[in-house]
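Notes for the one structure printed next.
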Amino acid sequence: MKLSPVGYGRFLQSRQFNVEYSGAEANVAVSLSNFGIPTRFVSVLPDNELGDAAINALRQFGVDTSVVVRREGRLGVYFAEKGASQRPSKVIYDRGGSSISTSQESDFDWDEVFNGASWFHFTGITPALSDSLALTCLEACKMAKTKGLTISCDINYRSKLWNKEKACKVMSQLCEYVDVCIANEADAYDVFGIIAPKTDVEKGIIDPCGYVDVAKQLAERFGFQSVYITLRESVSASDNYWSAILHEGNVTYFSRKYPIHIVDRIGGGDSFAAGLIYACLNHYDPQNALDFAVAASCLKHTIEGDFNLVSVEEVKNLLNSNGTGRIQR
Amino acid sequence: MKLSPVGYGRFLQSRQFNVEYSGAEANVAVSLSNFGIPTRFVSVLPDNELGDAAINALRQFGVDTSVVVRREGRLGVYFAEKGASQRPSKVIYDRGGSSISTSQESDFDWDEVFNGASWFHFTGITPALSDSLALTCLEACKMAKTKGLTISCDINYRSKLWNKEKACKVMSQLCEYVDVCIANEADAYDVFGIIAPKTDVEKGIIDPCGYVDVAKQLAERFGFQSVYITLRESVSASDNYWSAILHEGNVTYFSRKYPIHIVDRIGGGDSFAAGLIYACLNHYDPQNALDFAVAASCLKHTIEGDFNLVSVEEVKNLLNSNGTGRIQR
Amino acid sequence: MKLSPVGYGRFLQSRQFNVEYSGAEANVAVSLSNFGIPTRFVSVLPDNELGDAAINALRQFGVDTSVVVRREGRLGVYFAEKGASQRPSKVIYDRGGSSISTSQESDFDWDEVFNGASWFHFTGITPALSDSLALTCLEACKMAKTKGLTISCDINYRSKLWNKEKACKVMSQLCEYVDVCIANEADAYDVFGIIAPKTDVEKGIIDPCGYVDVAKQLAERFGFQSVYITLRESVSASDNYWSAILHEGNVTYFSRKYPIHIVDRIGGGDSFAAGLIYACLNHYDPQNALDFAVAASCLKHTIEGDFNLVSVEEVKNLLNSNGTGRIQR
Amino acid sequence: MKLSPVGYGRFLQSRQFNVEYSGAEANVAVSLSNFGIPTRFVSVLPDNELGDAAINALRQFGVDTSVVVRREGRLGVYFAEKGASQRPSKVIYDRGGSSISTSQESDFDWDEVFNGASWFHFTGITPALSDSLALTCLEACKMAKTKGLTISCDINYRSKLWNKEKACKVMSQLCEYVDVCIANEADAYDVFGIIAPKTDVEKGIIDPCGYVDVAKQLAERFGFQSVYITLRESVSASDNYWSAILHEGNVTYFSRKYPIHIVDRIGGGDSFAAGLIYACLNHYDPQNALDFAVAASCLKHTIEGDFNLVSVEEVKNLLNSNGTGRIQR
Amino acid sequence: MKLSPVGYGRFLQSRQFNVEYSGAEANVAVSLSNFGIPTRFVSVLPDNELGDAAINALRQFGVDTSVVVRREGRLGVYFAEKGASQRPSKVIYDRGGSSISTSQESDFDWDEVFNGASWFHFTGITPALSDSLALTCLEACKMAKTKGLTISCDINYRSKLWNKEKACKVMSQLCEYVDVCIANEADAYDVFGIIAPKTDVEKGIIDPCGYVDVAKQLAERFGFQSVYITLRESVSASDNYWSAILHEGNVTYFSRKYPIHIVDRIGGGDSFAAGLIYACLNHYDPQNALDFAVAASCLKHTIEGDFNLVSVEEVKNLLNSNGTGRIQR
Amino acid sequence: MKLSPVGYGRFLQSRQFNVEYSGAEANVAVSLSNFGIPTRFVSVLPDNELGDAAINALRQFGVDTSVVVRREGRLGVYFAEKGASQRPSKVIYDRGGSSISTSQESDFDWDEVFNGASWFHFTGITPALSDSLALTCLEACKMAKTKGLTISCDINYRSKLWNKEKACKVMSQLCEYVDVCIANEADAYDVFGIIAPKTDVEKGIIDPCGYVDVAKQLAERFGFQSVYITLRESVSASDNYWSAILHEGNVTYFSRKYPIHIVDRIGGGDSFAAGLIYACLNHYDPQNALDFAVAASCLKHTIEGDFNLVSVEEVKNLLNSNGTGRIQR
């Protein structure tokens, strides 16, 4: 459950919170489902009305929730305050003791979970929630590999959930099983200590070329088939440049760079992951896959909430235009 | 009736719609009324509470609605989703079978409608709604001409209402009666096939000089006394440049160009029409008329809803300033 | 009481007003309290529920309201409409006959008011409300001086409350007692007729160097220990540049200049005053004090409402960053 | 301007106020206009956007506002908190110094005001606002009488605006000119000291028969042609019984009594006045006039806001039913 | 799409509408799904975002929408204003030309639609929308009968959609195939002319015993296996009594009668249908089935929106209590 | 933090939650503060913005929060859905691991906490949160007793927080120190097994006389000086009867019984406790104390949110009236 003040309200002044039931993997599932790809979400949710509401939130977009485990417990919560201009967005996590973080590997029937599936996606937020969940992730990766699924992982480092050392140790284990690695401009350094030259992320200075080497190192260290790195250049909390690179088959591809006036940036990375999974499942060539993923996630920034509520047609319209946003009537 | 998601919400996620009772000609009437010009609105509205609400929406700004015909039927609806950054605004029309589109020429008493009037304005949206309405428009033009009114027409091409061929045929007939033609950067090409050089509207590239020739051709083809062309350069759905040209008496006038951070762009063209009608009725010279219309419509982009809720004084304040929007206190 | 249309709504179209209980001096007190500085607010409020609500609004942030006088009367109101792009914000004052403006010097027990205090801050809005209030201000200054408090004054000229001649006369008297003078880019000219060269405030053209001389003249004329001048360069109602200078000990200090995409600019000057008072009470050196005040007030522009709801830590984060507003998670 | 917390919010907890532009006489005008009766509103409003908004609020329902005087000043405000169950509604008046209360008799051109009119209605709130306004009322009554208009007056005693002695003195003068007197269950006692037997208004105990004598005394003392008395039996702030009597031609008529579950009771009396004026203008016989007025005002209690937004047809539907509120579909 | 003013707002005063995607059969499907019964919805929806939103609205509650046909067209709309006390709720239909009403029998693949199903439910609203839809209904009934499904039909007469004669003719044909008939207190008379003695529905006077004969006549005329009649006694639009009878196997069963303080009564009948279908599928005996359906639909009246968002457990809690609504904590 | 759907929304359908920072003891403190009694709140809150917001929520009403301990942790949350008619309100607790429940006795400096205090109030919810908190409560009681404070305790049994056996054991220990015991109609049975004759709480049947013996047994078992028992007779979730008894000095006092149409019943018991503490501190005699407490808490039911936002004057107005809720103007 994501609770966020209305508009640009701060926690201190808010008497109403918007309620969403979202999360990194859920966001990817919903975006893919909106692209017409059948998806299934696996998690543990409490057996109360809040858990029901979470199920419904995914189900409305067609995500299959039949393998979600329900039992007593609490629903993990995070509070997110939207930033503006020089004021950064702020997140308060309250996920300790949630149903999912207290789950065991034995809670899941992997045959049922992966039944008919060809792709498994997870993010670094999940193993960060608890040790047992990290083990479950590992088991899921092994099972997925055994069953021949492609495995993608978004590194998604969150310093408020774990520290760099632990993240490095756990993610290194998991990455052994990963085919498609997704990272943002800071993840590779934060988790694996790989430095991008000529770049100062905090100051909004990013040199895409510097990330070619980062991607290479990642690919080599873990044997990734593809490495996608999203590059967010923060002008301010209201305006960002957004692009990405893809390193695959020893070639690096560069995307267009979009100047975005932000409506809501949370879920941007997840929508990128969904975009590339869609493209891969549809056998796009690397450049097109990268471009599709960047355009899809560019549009996410213009939509309130974590979910990327765009169709394939809308992504293609952006790819085929200058992004000038002319009205359709 | 215009139904639109709150804020930047998409149709898919909206549980509340803002309700407005607006429309191209209504918007012009309201803006003129806010400028202190007595206006009268002619249409057909259903004889139910929604029709009453539409009447009230106009009446509050002082528009005379006494000649509006009421009878059984439905109120035409359009759904409008506001775009942002790279995501375009989107419109869904649901106007089929509305009271106005099923009206006949015989529904109107032109003597009453035009009683005391000196100017008649209509837009290309009206004849697009139905064949019978196109005929009614034609009759209205003839009557207005007979009675010595100045006739202005905003081409306002809507591809979701009719196609280019039909639009060209019908609008060509109507334009025979028009004194003052108003078009946007795309209308002349869409309806009459007149190309503006060095311009790619979709890409947001517009050369005002290229439109001099467009205006001339329009003026020559239909004998317009004046041709106004608004020029919207779309940087994104959030930021546009806004300017216009006026061709009159074989001279072309150019306006200032405003960089606009958009609050709501729907109704921008209508507020331009109202601005120039106000200026003409007050005998402004061409340059001043053009400048007034552009400034008035620039301000519309900063106001929620279709109606331009600004006074003559506010338009003049903008004309006499740099548009730096300093607070007044 | 400040009543303002929701969002970018105009007075003409608003059926709901946001209600705040704020005001120049209250804003400073709240911001200081949020910085951890004990503050006390002195005023007169009506003895009804609206007065209670005003008390509560300050008390929630820890401001001491125990010396506020309560008695029959009305609460002063001002209506504020938020501008956007080329449309300026608009303020309608309705403060005539308010409890505070009809108060007498004898209403206050200065020993109690200043008990334990080391700093007294007021703004030019207060003496503008009534002649008796101007006298009360004068008395307060005398008492504060006697008791050894530092006195700061924000000139805060409001043309809708009094005219330049009267403001000059009254403020000149008060300034005799002031140690720290705060003015915006227009105040010195409006109240004291001191011109800043190479500057056209209305057009958004501001030369910080031109203000060095303004600050000097102010310091000399009234013997101020420090003169702070905030410099707002208006690109539009949506985008401003924000910086300030400080003249102290015959040296002029210049701040960083922030390009701000505005959420709400009202209270910007007050948050600047709070920032510098905080810095002075913590013995910052002049450059650091100026920088802190500018950064604090830059953040205010990103927050809805008059109050600057930021912590010292958040201001320091901005000082130590490029202001790129990266999310914290 | 009426400012009221949203829903059942108390002043102390409200951060948003609903904004209405209403008032006793305005409410009557709007309700009559909704019944299809042409009405004209006369008042003085400030020459600012708030005055404009007030004009528009009336104009939307078709009320003629052309004789409203505009000039500098403030708009009278009242704050109204809605009660529930045992908690009474609460009103805070802030009308001192408003444009209307500072107006002079000479501000009005009675020939224009009464041009074409056949009925003049005012309430006791207006003369309560200021002495000069009381004089203006008197003059208006004289002029109306001269021109042969029927004059109705709703006593509408407000203890927060004036005291009983003053009300008695002023209203007695005005009542000399009144043809149709309207009072509620408390007015006759509060203003003229006439006691209704077997009644304790505060305790919600009301004996309609006791009011026969009250009506008679009123009729005799001032020579009223008709006296209407509304009888509100308060069970609680949420539930009231509502009925009325009419004394005319020495006969007393009794209405049906409606048990009302209240949505918003403010404006109930005004909607009653509008109902009876409508009935009289349409030559209803006394019993039918009374019944229409009670049914109309019963419906007002089910509608948010001061204005009675019902049609004649809806009032008749209630008269012809048991008031069981069955859905229409 | 159902559009309704917020709260108790009237159409005339509403600037925001709540948006729901509901309808008689959809409501039944959602309620059953909330009871844990797998349901499938069949209809035709336009191939635009509004159709998508309608799909999502059902999908969120787990309703299978895979057989919904999508194609060009408009989404049927109805406007519903909530009544209070003596003011009835009001409905404006705008369903002409909707995708579903213009559909043909050939649009549906009945084998797919009824695949795995054991029960088919429809209401009298569907055949009322168009002649072709009535034919489609008939075909569906025939197919369902062939496949051995139980067929239930809620008569649901809507005078704004068709007249009594037509309804009688069409419904009589359809009823030949129906096993379980559901009617409200007025349907039997409105459609089939069967009078309930000692009852005046408009006046809120209902004698349950009088409906025994009505049920018998219905059962005999069409050979229904069961006839359920809901009995709404309207005290006012805010307060209703709610009960029902069941005639089955020549025995009539009576339910408890609930006094309901209404939150939202639309969808009450549909939730009753869902309740009895649930009970029948779970082989409840007649009295228990009736009681379950009445309790379930009693709870619907306490919930905003058309959908009955209650669980089986909540219905049972009501059955096992006095309905005193004590908090659970 | 209390999160609740807006209006009568269910968790399943809510996209916005109202946010309050309340709780049993906090509610008592705020209500007392609104009565003009200086109060101090002691608790442990997390050192983040949500903890700040909780502090501010109390501080706004003048509650002294200076002894609240701040440190890392989470803020306890509870979700509350408002019931209506036959649908009960529903609460979901999410308080596990909150800052307060993980606190130790050693966290508090009792000399500071009780400095200058004469009364200590706590409720049974606090010891229910954790074993360590139960110990802390015990220590607080001992310290308070030593310092000569009067100790009041509201039994406040919550079956979702602990079971009856544990509650009995812990509360029995604590009650040894309690002077003034407050219980509702179910607490004595739930915690101590004391049965009230002729009463069925679930069915809304309550015999006040039956509670005389309950109060006596409680007084005898624990040596309470006074025992207050509130008696809620639930007609439905929308309508309750509300009264109380007081047993003191071997005499039992009975209060008036209020029929309440409920706005929000949460916090009703807490407002009763505040009422009696106010009365005791002001030396009311037993009957008057009881009456004041019942009237105060009756009013709470008419106010949104947990806090009782009424003044002593408003309570007295209710005591001196029939509770008919007539408007004040």
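The letters A, B, C, D, E and F name the chains in turn, as written, and every chain counts its residues from 1.
The rule we apply is simple: a residue touches a chain if its C-beta (ideal position, glycine included) is under 8 Å from a C-beta of that chain, and two chains touch if they have at least 3 such contacts.
Keep in mind the model is a prediction, meaning the values are calculated, not measured.
S.K.: Would you kindly count the fewest steps from chain C to chain F, each step being a jump to a chain that touches the current one?
M.R.: So the least number of steps between the two chains is 1.
S.K.: Quick one: which chains contact chain C and chain D both?
M.R.: Touching chain C as well as chain D, we find B, F.
S.K.: Touching both chain C and chain E, which chains are there?
M.R.: A, B, D, F
S.K.: Between chain B and chain E, what is the separation of their C-alpha centroids in Å?
M.R.: Taking the mean C-alpha position of each chain, the two centres sit 45 Å apart.
S.K.: Express in whole angstrom the distance between the two chain centres, defined as the mean CA positions of chain A and chain D.
M.R.: 61
S.K.: Check each residue of chain D and list the ones that touch at least two other chains.
M.R.: 10, 12, 15, 56, 90
S.K.: If we use the touch criterion from the header, which chain pairs count as touching?
M.R.: A-B, A-C, A-E, A-F, B-C, B-D, B-E, C-D, C-F, D-E, D-F, E-F
S.K.: State the interface residues of chain D toward chain C in the complex, per the touch definition above.
M.R.: Answer in residue numbers: 3, 6, 10-12, 14-20, 48-50, 52-53, 56, 74-75, 77, 79, 81, 90, 92, 94, 96-97.
S.K.: Which residues, counting only chain C, touch chain F once they are in their complex?
M.R.: Chain C residues touching chain F: 56-57, 59-62.
S.K.: In their complex, what parts of chain D are in touch with chain E?
M.R.: 258-263, 298-299, 301-305, 307, 309-310, 314, 317-318, 321-329
S.K.: Quick one: which bits of chain E touch chain D in the complex? Just the residue numbers, please.
M.R.: Residues in contact with chain D: 7-10, 12-13, 83-91, 93, 158-160, 201-204, 234-239, 265-266.
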